[in-house]
Amino acid sequence: MTLSGIWTPTLVPLNDRGQVNEPELRRFIDWLIEAGVQGLFPNGSTGEFIRFTSEERRWIAAITCDQAMGRVPVIVGCAEASIKETLNASEAYRAMGARAAAVIAPFYYPLSSSSIYEYFRQLGEASTIDVMLYNMPRFANPIDIETVQRLSSLQRIVGIKDSSGDLTFMMRMIQSISPLRHDFAFLTGWDSQVVAMLLAGATGGVNATSNVAPQLIRKLYDLTLKGNLEEAHRLQHVVTRLFDLMFQGHNFPDGFRAGVETRGFNFGSGRQPTGLPMPDPKVLAMKAEIAKILDDEAKYESRITRHDP
Amino acid sequence: MTLSGIWTPTLVPLNDRGQVNEPELRRFIDWLIEAGVQGLFPNGSTGEFIRFTSEERRWIAAITCDQAMGRVPVIVGCAEASIKETLNASEAYRAMGARAAAVIAPFYYPLSSSSIYEYFRQLGEASTIDVMLYNMPRFANPIDIETVQRLSSLQRIVGIKDSSGDLTFMMRMIQSISPLRHDFAFLTGWDSQVVAMLLAGATGGVNATSNVAPQLIRKLYDLTLKGNLEEAHRLQHVVTRLFDLMFQGHNFPDGFRAGVETRGFNFGSGRQPTGLPMPDPKVLAMKAEIAKILDDEAKYESRITRHDP
Amino acid sequence: MTLSGIWTPTLVPLNDRGQVNEPELRRFIDWLIEAGVQGLFPNGSTGEFIRFTSEERRWIAAITCDQAMGRVPVIVGCAEASIKETLNASEAYRAMGARAAAVIAPFYYPLSSSSIYEYFRQLGEASTIDVMLYNMPRFANPIDIETVQRLSSLQRIVGIKDSSGDLTFMMRMIQSISPLRHDFAFLTGWDSQVVAMLLAGATGGVNATSNVAPQLIRKLYDLTLKGNLEEAHRLQHVVTRLFDLMFQGHNFPDGFRAGVETRGFNFGSGRQPTGLPMPDPKVLAMKAEIAKILDDEAKYESRITRHDP
Amino acid sequence: MTLSGIWTPTLVPLNDRGQVNEPELRRFIDWLIEAGVQGLFPNGSTGEFIRFTSEERRWIAAITCDQAMGRVPVIVGCAEASIKETLNASEAYRAMGARAAAVIAPFYYPLSSSSIYEYFRQLGEASTIDVMLYNMPRFANPIDIETVQRLSSLQRIVGIKDSSGDLTFMMRMIQSISPLRHDFAFLTGWDSQVVAMLLAGATGGVNATSNVAPQLIRKLYDLTLKGNLEEAHRLQHVVTRLFDLMFQGHNFPDGFRAGVETRGFNFGSGRQPTGLPMPDPKVLAMKAEIAKILDDEAKYESRITRHDP
């Protein structure tokens, strides 16, 4: 079945010693699932995968799969040093019950398309778990459409998470692949265009903002699928405001780490120091604005609901 | 004493199973030292650090330090997931007898200058071994001059390897730091401008091309220091031709991996697949051209030497 | 009244001596209007404004306004050397009966936002004709949202043609300006996202592809406004295929110049030489593909229509 | 004879009505020539060519050629709409006594190398005056080395002004062209690397900073040619400080316009408004710093000279 719906690329709470805060992570996962997210996506860019060791990444994946308890599927991101290490990690994720492994395109060194294709081809042929391509051209080598199309002939490769933010790219990609592979999943990672991406044929989203406002994005998704575009666009603007607040002017994903604290969680300091005063007045102002937006939205909702017969 | 001279950012030979080929690496290190390089720099970008696990990187460092046997100093590159892991690794390198640890600026996520400063500050204050900043703006976050200047006040931070290839950047940096910290090292990683960088005040180079032509670059260095600029510039053009051949049109550092094989070493396939036929006709042509350039240069040398009284 | 609908950024036919081919331009304008375009936009990027002299630009504008004969409005692009020259040109366009002057942001030299704001502010305050901002960040300085918002307080500035191709940018811009200025026009210049831009609140499009397929884009516009999104998206894919064929792999707007010849017009060679053989086999193949796409679409249309009662 | 030496890309003083201030321009030209610049280069990027009309550009060229009175040669920049207009303009410059016409690569539209080659080829074959290529990749299409090499076979094309600031590019270019065309001129437009460029084989410089400190740059040039590298590098640092002050943090070339006023000239406001308060405190501080640098340098000089026997 095609992967679809709203997935949360989960942030990782840290304790005072900078280690994974397991109890808080479990509490956070419960909250997300109860709020309606349709899948969990640990160890993505939002989850700061490359700032954890291989062992820590497995630990995060294990907690997530365990706590999800089958209520929602889990796709685990991979950021290992080589194909062999990636296969080892994804085999471990399979054993934990993950639905798929999402593999970022190689980063740091710029690579040719043929090299990127070959990397994923070897993974796709050897993996014992479904593989999702992870296109994040801001941070890693881009995966071009021809490469995705070629890779879509491998049954183990079941979809792409695309964080390019380029609607035309998504549309061209869907046009070139869907006719050949009906069950291929297209998940958008660009929170400010979820409605447009879904209308253009994307099957879902993996959206950092859903760490902070899971209900809102889930609702936006449902409204779009029902064709209630006016209300969907209204919510899209709310989501974009939240996204912009947390994305712009911060080292990614620090703004989202701060944002999730407005929902009653204690995420601690990130691993990459900011060099800014703590608490940072700019962050405090952002948190206040997020709280206000969410409060306004809640009031709007209750007003609408009250008037419904 | 200020770090200076020509350092080789050593490539790593792999065996048929894709593992570090220890005997060949030891043979290669001997060859480099005998050819005149003044230091070894394992686990840099040329050494494909991020394609090895933490354990493999320590193994590569251990072989290198052991084989160098104090004949030349060793600076070991770091590419760990966090400050804590970097400190652990560099402590291990200290125990192996390394002269310093070179730490790449954080990559993947774009970061503010204040965050990059704080990262290196924490390292510089806690490290038990000298630290070299590693600026590689093509692949990682750039380290700006103000940040280098601020960091140069920490005694453990002893220099920078700069691979920006921007002569003006190097000159501005030297101008702003040397008056405050006389022993700070400035090593250029841009092989096509070694002469100009040395004339502008750089104290040495960490040059990928020295994996293939160590004598040539060492000679270029000596000539520049002696003020024989005409001959130095002639050699610079030879080095640039070699550098361009191996840098352009290949995924870095694959061209250099191929190049070193022209010197009688067996480096095996790299870890990142190329998706190209093996042997690749383009690579074969490149190897032939490298061999010809080195042969022409050897003939030129022997002709000159014969005419010397 | 807010500027809306589909506008054609008209290409300019040249004769054998490289001069404006007036009879062909008049014939082309008639064809476009009969095909349903709702406005003409001479002297834009597609119209190669900067490759004509000031005098030629006025001549092109005069022919266009004269031939339109009030059937559709005309917005004339400006690319003069200075504010004073731009005001002179736009006054001339006013006298010709143009609806507005579209002014590209200054190009060549990168400029600060405050400088761009001040440029348009002086124009907006002194102009005797309505002014449309022209945002083309691929070729000229970008106009940021805050600048557009500040400028929207000037009554003479009536809208923006945005060719960024960034749906999020368009949505943020509409969100920040529409509440303050209800009649502000938002025309998208990104042909592959017209449906999404209209759904997000854009009031129309200025689309290079409408030089070649005016009926198609007009129909896409009407379908979107009527809410027939399935058929609109189908047409969007056809338009994107045409756009990609003419945009990618050619010097812009040469692909569009060639494309329009498939509709029975003789546009001659462009002013910027290509250095390619004439006829270029790649261009011939592109023309054949455009003809086939348009033919397929015509057959599809007639099949649908036949089945309609 | 190969074009060489230090050329000034002259700024244009404007009067209160925004028109060319002829008396001040004549006074400025006299001052530059007396200060030792070896050529004048009106209508370049520093001279804001695209902000003047064709007629104004001719007027600026005419004043410059007339006032130079043969004391130094004049190369006039071209920024016309088409090849035909460029030929007309360069013929006019020939009649004024200009030594050559410098033609910027086409800008605004990105172009293929073959198109850029063909553009210059047609100019080179039809021109009645020597042509200098003008490579300014920050603002216009880059001219690649293969294109320069192919064009160097045309006798009318006598050199290149390269403002890439990339020393390796300059070295590769000289290596590939000098053996085929001994008299080809290589003038660098990157003020912070004049010494290194000259050592690498450049024949001279066209340097914006020479509008403000003509004697300094001329002296730097003479010292480099004499092999006094220590003093040349000392002056290079002074020039770089001046260049950075005027280049960074301002819309180019506004910093240089302000800088020249410290030498006793009245250049008026530029044509592109800044949107900043007048006088801008940042500009006043910059002017004070320039004056101090020049004053310190004068004191240093007189101290040195006094001690000379």
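General observations
Going by the order they are written in, the chains are A, B, C and D; count residues from 1 in each one.
The definition used in the following text is that a contact is a pair of C-beta atoms (placed from the backbone, for glycine too) under 8 Å apart; a residue touches a chain by one contact, two chains touch by 3 or more.
What you see is a predicted model; the values in this text were computed from it and never measured.
Taking shared numbers over all numbers used, the chain A to chain B interface scores over half, which places it in the same class. When the CA atoms of chain C are superposed on chain D, the rotation angle comes to 180 degrees (nearest 5). Centre-to-centre spacing of chain A and chain B amounts to 37 Å, using the average Cα coordinate of each chain. Note on chain placement: the centre of chain B and the centre of chain C lie 51 Å apart, centres being C-alpha means. Within chain C, contacts with two or more other chains are made by no residue at all. Every pair of chains meeting the contact definition is listed here: A-B, A-C, B-D, C-D. Within the complex, the chain C residues that touch chain A are 165-168, 171-172, 175, 190, 192-193, 196, 199-201, 229, 233, 236-237, 240, 244.
Within the complex formed with chain B, the residues of chain A that make contact are 18, 45, 50-54, 56, 81-85, 106-112, 114-119, 121-122, 138-140, 251-252, 271-276.
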